[in-house]
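Presented below are the structures under discussion, each in the form of structure tokens.
The same chain A turns up in both complexes below, where it pairs with chain B and then with chain C.
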Partner chain A sequence: MRSRLLIFFLVILFALPFGLLGLLAVGEGWRFPDALPPAYSLEPLRGLIAADNGLLAGLGQSLLLAGAVAVLATAGGFVVARAVARSRRPGRWTALSYLPYALPPVLLAVLIQPFIIRMHLSGSVGGVLLGLLLVALPFATLLLSSFWTQRATEYEQLASTLGCTPRQALRWVLLPLAAPLLRTTLVQTFLLGWFDFGLTNVLSVGKVRTLTVQVFTYVGEANGPLAAVASLLLLLPPALLLLANKSALLRKP
Partner chain B sequence: MLLVSHLSKHFHDQPVLRDISLRLAEGEVLAVLGRSGCGKTTLLKILAGLETPDTGTLTLHGQDLLPVPPNERQMVYLYQEPLLFPHLSVFENVAFGLRIRKVKEVEIKRQVTDLLAELELSEHAQKAPHQLSGGQRQRVSFGRALIIRPRLLLLDEPFGNLDAQTRTAMQELFGRVSRQHGITSIFVTHDSREALTVGSRLGYLERGVLTSFATVAEFIQDPRTNIAAELSFWENIQRTANPTPTPPQKGGALVLESKNLEN
Partner chain C sequence: MKPLKPLLPLYALLVIGLPLAGLGYALLGSVGVVGPLAEGFTGRYWQALAHDTGLLYAAAFSLWIAVASVGISVVLALALVLRAQPSLRRTPLPGLLYVPLVMPALVMAFYLFQLLSRAGWLSRISFQLGLTGSIEAFPELVQDAAGVGIILAHVLLTFPFLTLLFQAIYQESRLAELSQLTSTLGASAGQFRRRIAAPLLLRRAAPTVLLSFIATLGAYDIPLLLGRPYPQMLSVFIATKLQRFDLRELPAAYLAGFLVAAGLLGLILVLLRLVNRGKVEAG
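So, the complex of A and B:
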């Protein structure tokens, strides 16, 4: 009974932001102390497909950026974590991987901005991607370092003596063994790129308007319905991703 | 014929293997007895191509093995842990080496089915590794190695994690299958009884130096193997427990006491 009650509260807690955002998006003239909006309109949702507000374009850019960050950081993290684990002093490299977290992402963006400008990447998706990777790659490396234990080496060596080339060992043995952790890393780095505002805002110099950046803009402009629609869009992909990967995320260590 | 000559290996200036030489004919099982840290694993890894020696030569049927990468040596290294692939069924674990070699599906099915039957694993073919007992897992690991017909099988204390009864059964199975398939192997262990059970040739490795014994008697008499001392211990126990010359009754006190001491 107690556990059912707990599940009920957790479901409410999880669903509440979606419900409230939905009401904010379709409610008209909703003011205090009304418990619910007095009228409803689908106008803000129709505005989604209007060419001038850029929400769908922002969604596309966010998906592209977060997807690219997730894939590149996870693939890179897998390789770097292996190199770290097999280096002479893995502890030193692992400590270095924590360094990007000594700085808030916004400050990191300010520090790397001159280099991004010199590379002619300022205000481009490539520049923002590079900045996000500076945060996501060490994060993925730290997450994936738990895979490269002595056991992984033994599996790799066994596969080799059974006749696998290094590429076959990776394809048929190491990647399937690491699959749950790789899925977790993909989700985590996707979320890192998806929800980033500070770093993206600085490096994009107002030109790369991801969904997160747009939500902040609408909130700043006190444009409630549009901010709510944008937030709903913002929450949807991560929620779907978390649901699709719940078995990997909830796996036992 | 495997020929190892003057093999040496150092790790951080510490000698691990010193001037190892051995000769192993086809179908022979060399059981190497040694304590932890004596260099057994390094020796096997060098033979498998997973480590490189500082000096020495390795030849198999006249072929110089040193330039050959591990995946082309056709020498399978078996760890103490069975290391079954958890994402594959028992059937697919055994079939792994054949799939890598792109053997035809019909042939894979025939060979794997036959081998599973031989290893008494047919009924477990579709099970996942975590559904098997320790002995069954080790048999699957053995099958996965055997299916590629290795030129040399390298076993690094493969039954070390099994209980006494399963271990005995696995030793018997290993001996039977080795003879049937004419497998040449090097079997390292720290258990003298296991060495005597599985080995057709015997060796002792201590601080990186390998001593080969021409006969079982020499192996037993070498004080480093500790077998003579153990035999004397059991004889003393027998004398203490049963001072009269009458033979012990089946299931009697002596048998029970011996088992307790053994465990």
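So, the complex of A and C:
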């Protein structure tokens, strides 16, 4: 009985956000003190495909940014983690990789902003991408460092002894071995870029309008329905990733 | 794979060099050496720090939010793992706990604002049920002085993650078998939970708990939506100061940014010690 009550409570707790955001998205003229919307309309959802609506563009920009962050950070992290594992002092490099954790993304953005401006990247997708990579690359490096153990080196050497070129060893031995961890890193770094608001907001100076930036803008404009639609769009890719591979969401360096 | 010789220096330059250069820039900005209105070296912004209560309040408020949020999350997660093991193994609970992990902090903040504000859904339901007679009669749960809304948002995001983490450690450490062993030796279930299970779980999860604490201390999205203009959390305080039109405020903002970053770096050093100690203990 206690177990059922607990499950019921948690189902309500975690399902309510989706329900309330859904009602907000389709509710028309929903004001205090109505507990439910007096009318329902699919207008905000239809507006998604309207030419003047920025939501779809925001979705595309968010997907592009988060995707680029995931691919670049995972590929870079794989190579850097190998270099760290084979360096003279791997412990020091690992410790240094924790540095970006010390700084909240928005504070990191504030600190690097003068240099981003000097590089003429302020307000550009490139500037935001660089900022996000400062967080995602060390994260991926730490996550992937667990792959580069003595065992991986031995497999690489064995492949080489059996006549593989370094490229063949990478393609046919190392990448298949690292595939589960690479998938996890891709998912986690994608979410890092997808969820970010603070860093993007500071470095984009209002010009790169990702979905999170749009949610904040709509909330500021008291446009509940569009903020809800943008929020639901934000929940969609992570929910699909959760269905596909939930264990990839939990692992931390 | 061929080794790439300049790779690590390049990595250091990007990932460590750029933030450290930013930290150096903030330090120089706080003594008036760099920045749009730089007039040469001055210590007046550091001296003014003693009279400026804003940063101190922001630090104290952030500390309160982080301690309360992570504290409540740890207690809830421990209670679930130690007292509801059968439920945690039953469908749909394990899958259910993953749901908050897919929620961006900003969406959680927006949802809680819609739920808990005075014109929010709970207030409407309480009005319909006759529990409150007007908007003002509903208690202030978001944008409140104590940061109740901010704490709640962080708890909802953190406690499921910590529960999954504690559960993984519980299974990895074979605590269920250990519980039977201690029971055979005469220990009660409560003694097992207090003296063996909870200390073990907390010790092994300490680095992640500290990481959650640091993340909450520097939170931005949630306090921006659910917080008040005063007191603000540290990240909001610094970002707001830097984005003001009055450029004369920049040195003080750089100073605040420098001090907060230096403080958080100190916390990361503690985290690294914990990680290293864990590795030594694990052999």
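As a convention for this text, the second predicted complex is superposed on the first by the 224 of 253 C-alpha atoms of A that agree within 3 Å, B and C clash if a C-alpha of one lies under 4 Å from a C-alpha of the other, contacts with A are read in each partner's own complex, and residues count from 1 in each chain.
Criterion: a residue touches a chain if its C-beta (ideal position, glycine included) is under 8 Å from a C-beta of that chain, and two chains touch if they have at least 3 such contacts.
Nothing here was measured: the structure is a model prediction, and the numbers come from that model.
Participant: Scan A:F8 for contacts with chain B and chain C and give back first, second, both or neither.
Facilitator: In the superposed model, A:F8 contacts neither chain B nor chain C.
Participant: Now for A:V219: first (chain B), second (chain C), both, or neither, which partner does it touch?
Facilitator: A:V219: touches chain C, not chain B.
Participant: After lining up the shared chain so the two structures overlap, which partner does A:A95 touch, if you call chain B first and chain C second: first, second, both or neither?
Facilitator: second
Participant: For the three-chain arrangement built by superposition, which of chain B and chain C touches the greater number of chain A residues?
Facilitator: Of chain B and chain C, the partner in contact with more residues of chain A is C.
Participant: A:V173 contacts which: chain B (first), chain C (second), both, neither?
Facilitator: first
Participant: Going by the contact rule set out at the top, does A:Y40 touch chain B (first), chain C (second), both, or neither?
Facilitator: In the superposition, A:Y40 contacts neither chain B nor chain C.
Participant: Could you look at A:L16 and tell me whether it touches chain B, chain C, both or neither (first, second, both, neither)?
Facilitator: In the superposition, A:L16 touches chain C alone.
Participant: Could you say whether A:L158 touches chain B, chain C, both of them, or neither, answering first, second, both or neither?
Facilitator: first
Participant: Quick check: in the complex, which residue numbers of chain C touch chain A?
Facilitator: 1-4, 7-8, 11-12, 14-16, 18-23, 25-26, 34, 84, 86-87, 90, 92-93, 95-108, 110-111, 113-115, 119, 121, 123-125, 127-128, 135, 156, 160-161, 164-165, 168, 208, 211, 214-215, 217-221, 224-225, 234-235, 238-239, 242-243, 257, 260-261, 264-265, 267-268, 271-272, 276
Participant: With touch defined as at the start, can you tell me which chain B residues reach chain A in the complex?
Facilitator: Going by the criterion above, the answer is residues 45, 48-50, 69-77, 79, 81, 83, 85-87, 96-97, 99-101, 144-145, 148, 154.
Participant: Give the list of chain A residues in touch with chain C in this complex.
Facilitator: Contacts found on chain A: 2-3, 6-7, 10-11, 13-14, 16-17, 20-21, 24, 31-35, 79-80, 82-84, 86-87, 91, 93, 95-108, 110-115, 133-134, 137-138, 141, 156, 166, 169-170, 174, 191, 194-195, 197-198, 202, 212, 215-216, 219, 224, 227-228, 231, 234-235, 238-239, 241-242, 246, 249-250, 252.
Participant: Note which residues of chain A are touching chain B in the complex, please.
Facilitator: Residues 151, 154-155, 157-158, 160-165, 168, 172-173, 176-177, 179 of chain A touch chain B in their complex.
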